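Each structure below appears as structure tokens.
Below are two complexes that have chain A in common, paired first with chain B and then with chain C.
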Partner chain A sequence: MRQRSLIAITAALTAGALTLTACGSRDDSKDKDDAGGGGTTVVIGVDAPLTGDLSALGLGIRNSVDLAVKQANKKKYVDGITFKMESADDQGQPSSGQTNATKFVANKDILGAVGPLNSSVGESMQKVFDDAKLVQVSPANTNPAMTQGPDWNGGKKTRPYKAYFRTATTDAIQGPFAAQYLYNKAKKKKVFVIDDKKTYGAGLAATFKDEFTKLGGKVAGTEHVNPDTKDFGAVATKIRNSDADVVYYGGEYPAAGPLSKQMKKAGAKIPLVGGDGIYSADYIKLSGKDGKGDYATSVGQPVEQLPSAKEFIANYKEAGYKEAYEAYGGYSYDSAWAIIEAVKKVVEDNDGKLPSDARAKIVDAMQDVSFDGVTGKVSFDEYGDATNKQLTVYQVKDTADPAKGWKPVESGTFTG
Partner chain B sequence: MNAIGPVEPGEDTYDHESIPAPPVRRLSPRRARRLRTALTAATAAGIAAAGVTLYLTRPEPPPEPLPPWPSQSVSVAYAGEMSRPRAGERNLTFAVIFRQGSAPPTTVRRIAQPSAALSVTASPPTPFAVKTGKPRKLIITMHIRECGEVPRNAGLPFLEVTLRNARANEKHSYILGPEYANDLSGALTAACPRTRVS
Partner chain C sequence: MHELPQQLVNGLLLGSMYGLIAIGYTMVYGIVQLINFAHGEIFMVGGFGALTVWLWLPGGTTMWVAIPLMIIGAVIVSTTVAVGAERFAYRPLRGAPRLAPLITAIGLSLALQQAVWAWYPNAKSSRTFPEIPGDSIHIGSVTIQPGDLFLVVAAPICMFALGWFVMKTRVGRGMQATAQDPDTAKLMGVNTDRVIVVAFALGAAFAGIAAVAYGFRYGEVNFRMGFLWGLKAFTAAVLGGIGNIYGAMIGGLVLGIAEAMATAYMNDIPGMDKLGGQSWADVWAFVLLIVVLLVRPQGLLGERVADRA
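So, the complex of A and B:
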């Protein structure tokens, strides 16, 4: 009996071990087929600053759209359709953006455009695209008037362009959120407000100042600067001579970085704060050690914290792009994917083929697009704004490695 | 030719009487049993060791996915019911609704707001759990600490909520929108008019 028991135990152990091993096995087969979905080619245009001071952000946008196109083809996401990307460089200039928009419109294969980075550039493109019923989705334009009209703040909100959408949160939230953080949390009570006179910078500075003063904060001074100059000696002296305990800059990092450095060298040892336009590793490169302690708000939550972004981050890395996806990578991927979803809807509603009026139908379909994207649920409200409105305050904690210098200090979700 | 060839073995070259084989040492039944047991045990141990080795070196199953960050699954919405305090009153109330998306339950550990002139309590009090499909309505009571400092017309007031789930403890701001901003402004202005009663 005893021997039989031992043999039985031995057999059971062996069988168990083999079973456990079998349970742990995985299918490591990979689908290496990344061919497109079929014979018809649909081109997605991308407009962003691919050269010049803002190229770090622009190249992150282009690469992320490229990744979305490749993923759609790899997955054969739209039966019968192969997507392609065509990029155009606006160098951050409205006139270049408008020229690029005209070129996109002229190319009948382009059925949607992603971009641009700058609100001022976006404004120059909106009408061109809208007239041609070519859908445009910006991952980065934050000026509220672009979707809600010039009277968005207090007046009647009216959507100026039906073909324009964006995945980024607007400055109507970004500026006040920064004001709340600085006044209530960082205990800053006197601000020196500077802007670069551009659509984005001036608009953002205005929304910040409005909320900061409503909370009880004081404005110690205001200045407008030319973002093309890098000498801010005069304004740095004014800041030093004011009793401001914080500087708010409405503009972008190519000017904000040197401004931070120069005002601190001049003796104004107070933090500079800006919006998503300064949230870049390049800001830290430009401000150097003096940038430590500065703040920026940016649209969305840190992509690394989003469970939905894991696959995007892994695929971006695997694709081997030279440039980082930067602040707008996730939003750019989602912008492109929204176009892909709209194309899918239009094709499926037309017996698997593109209709002759595909552009107009894609604009209509975009309004009802809804999917789980890199940045969370992607859909659009009646103005074309993203329904997912999150934002984060970051602070420069370390300047040794600019790519890792910004750290999140506060995140918020607009649920109104 | 004096070579000597091999001598052929003839009959009786060998003694046919076989050498007696050494007597077989029969094990005692007890020892035999011990030996069999030991051999079986050794075999079993060997197979078991192999099994354990196979088990330990098996391909790792994919780890259990972590739940999303708490703020990614919890939403907070203003639900109205803002009270209208009289001048000089120090409390005002309103309702909010917490909802949990499709994720494991999240614990709401603390609710606050950013202004030093105000403080907040909630009913039901924190901590409490929010679960998928079971929205929780809360009545928030805001206490006015310093009338002169209240944010009477903040454009974007928010609640700071501390959340916890299996993944993280997270503080997140929920900006409840323009209706909340308007209602809060009205209530704060009513409680703390510019010509202050104090």
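So, the complex of A and C:
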């Protein structure tokens, strides 16, 4: 009996080993063929929530990367290289994100990844990508610790992962920017701060609160909510009975929309303010008429107002995607384009061929990428953060047509 | 403490929704000793049934016409799914070990979620639900929102109707008999198969009504809503004593009020400032469940120990 099982195990191991070598040799031969024929395929992975609550933003990210890939192929931007997009769905869950990252790393053709949307998902992916020296560019992660280390607030900035870059600005800027606008321009003095305890929401709420109190504002109350239940009745009552004149919510639109609606129905007729996580047409759908007057900050200038974005918007329309590009479309396009630029540099430095250590070379090349993108000048500082630190305050002016409800109120650059 | 009346009302409203859903768990358990974990999803499809009716109605339909039609739509979809599940998923397993139907229920729950996700138009993110127009009603310091009025009216009506049905009608008494002893009930001429179908259908109808209330209260329905609400309603059913329909309602109300109180006041207790607020409300709800079950293992109103399942 024992002998027979031993034979079985050996047989299985041999079969497994054979399969593995077979795979390896096939890959090798393909690489050689491609190098000779000049038709190498480079895959850019996209990880975003394509289903679930946050899919409106996630699908916008995927479509925009797809558009960048198609444009690069159409223009034959990198000689001899055909780009392809491969998308993976993380459903906003850190565990799914990590699985997807591992899958991307295992695919030899993938030389760069765009995504994810959520900071908490991004944190779970950083190490996987960094170990594999696979470059990752997030269009939407805003948690400062991801590029500047856990002690960024204490003045000791260290970059934890060399392969991680982002085109989005951080909460270290976004929260204080909202605080300055509310205190100085909108004349709000007492704030009720709520967050959803996720990496993004809690971080954003904390940076907002620090700056708001530093300016002289008062905190009328704080609350943490579970974004999965849509019942905020008890919280709404607390807000109504506090003397706050504005509510700041650190989190995303699936919870923020119902929260805004419920607190106003409960009698607290004060605006809700949030970060880029609530800057979505779906926020207006969920909050309905009650969303009117609410504010959101988002990274960069409004895409529609940038001359550089005209081409992007026109191409996006022409490509006929079913979903809108949403808040991160321009940043996703630029993220993908940054990878394409880095690939171009690496290929050109290597006489028009992909080097064998392409992934590591691309990470190095990414540091020096600089081009005029959809959202302005795209380049990265020593931490991998975008050098473009523009922000815009938006307000819900019109709830009849959610797609056009957010109107820019003020754009600016945050200065300390 | 000036917000206490409002918080009690918030808790009661939340609790009546838990109670309405919990009835489905408790009735099915009382009769076939099955914890129907797909019940949360039956609640969810009811919400989409109501939404579908609303989308079919012509643009200018007033709410007074739309609401009854939406209730009918929700109830039809919920009961059809529940009765179908009973017929094709649970009945073939009637004599099987307890774990088989339980696992079937979990599988069914996933299947229903994914079916709505995949085939209902634009259901991959939240779908907006119509609003009941009108101003909030103020009674003293208490505000009741128009979206809650539906629940305020529907929940008590449902409860009394159910009590009457179970106590006074032939089928209702058949249900009681089957719950006490299925074999003897059969010998006495009770059609137990029909009784079981009725139990599934009734529970689903209440879940459908709860789903309409959910839509009006929160302004959206989504394919994931059945999971958390189903879990809470199941907790309510256990808290009240599973198998007892009044227990389900009481359990729901206690759970709802406990959550509202935990959100509102836990922060104010010295030393507890980190353990309060809405994100901790679930924790306190389950602490309450554990404490109740330690003192009264049969639940608040339970007549028998949940020994099986």
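The definition used in the following text is that the second predicted complex is superposed on the first by the 375 of 416 C-alpha atoms of A that agree within 3 Å, B and C clash if a C-alpha of one lies under 4 Å from a C-alpha of the other, contacts with A are read in each partner's own complex, and residues count from 1 in each chain.
By definition in this document, a contact is a pair of C-beta atoms (placed from the backbone, for glycine too) under 8 Å apart; a residue touches a chain by one contact, two chains touch by 3 or more.
Every value quoted in this text rests on a predicted model; they were computed, and no experiment measured them.
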Chain B versus chain C as contact partner of A:Gly320, first or second or both or neither: neither
Touched partner set for A:Gly52, first chain B, second chain C, both or neither: second
Partner chain in contact with A:Gly39 - chain B first, chain C second, else both or neither: neither
Chain B versus chain C as contact partner of A:Ala266, first or second or both or neither: second
Residues on chain B engaged by chain A in the complex (per definition of touch): 36-37, 40-41, 43-44, 47-48, 50-52, 54-55, 58-62, 65-66, 68-69, 71-72, 75-78, 114-116, 149, 151-158, 171-181
Chain A residues within the chain C interface of the complex: 50-56, 196-197, 222-226, 228-235, 237-238, 240-241, 254, 257-258, 261-262, 265-267, 282, 285-289
Chain B contact footprint on chain A (complex, rising order): 2-3, 6-7, 9-10, 13-14, 16-18, 20-21, 23-26, 173, 176-177, 179-181, 184-185, 210-211, 214-216, 301, 305-307, 376, 389, 410-416
Residue ranges of chain C in contact with chain A within the complex: 2-3, 6-7, 10-11, 13-14, 117, 124-126, 128, 131, 136, 143, 145-147, 214, 217-220, 222, 224-225, 228, 259-260, 263-264, 277-282
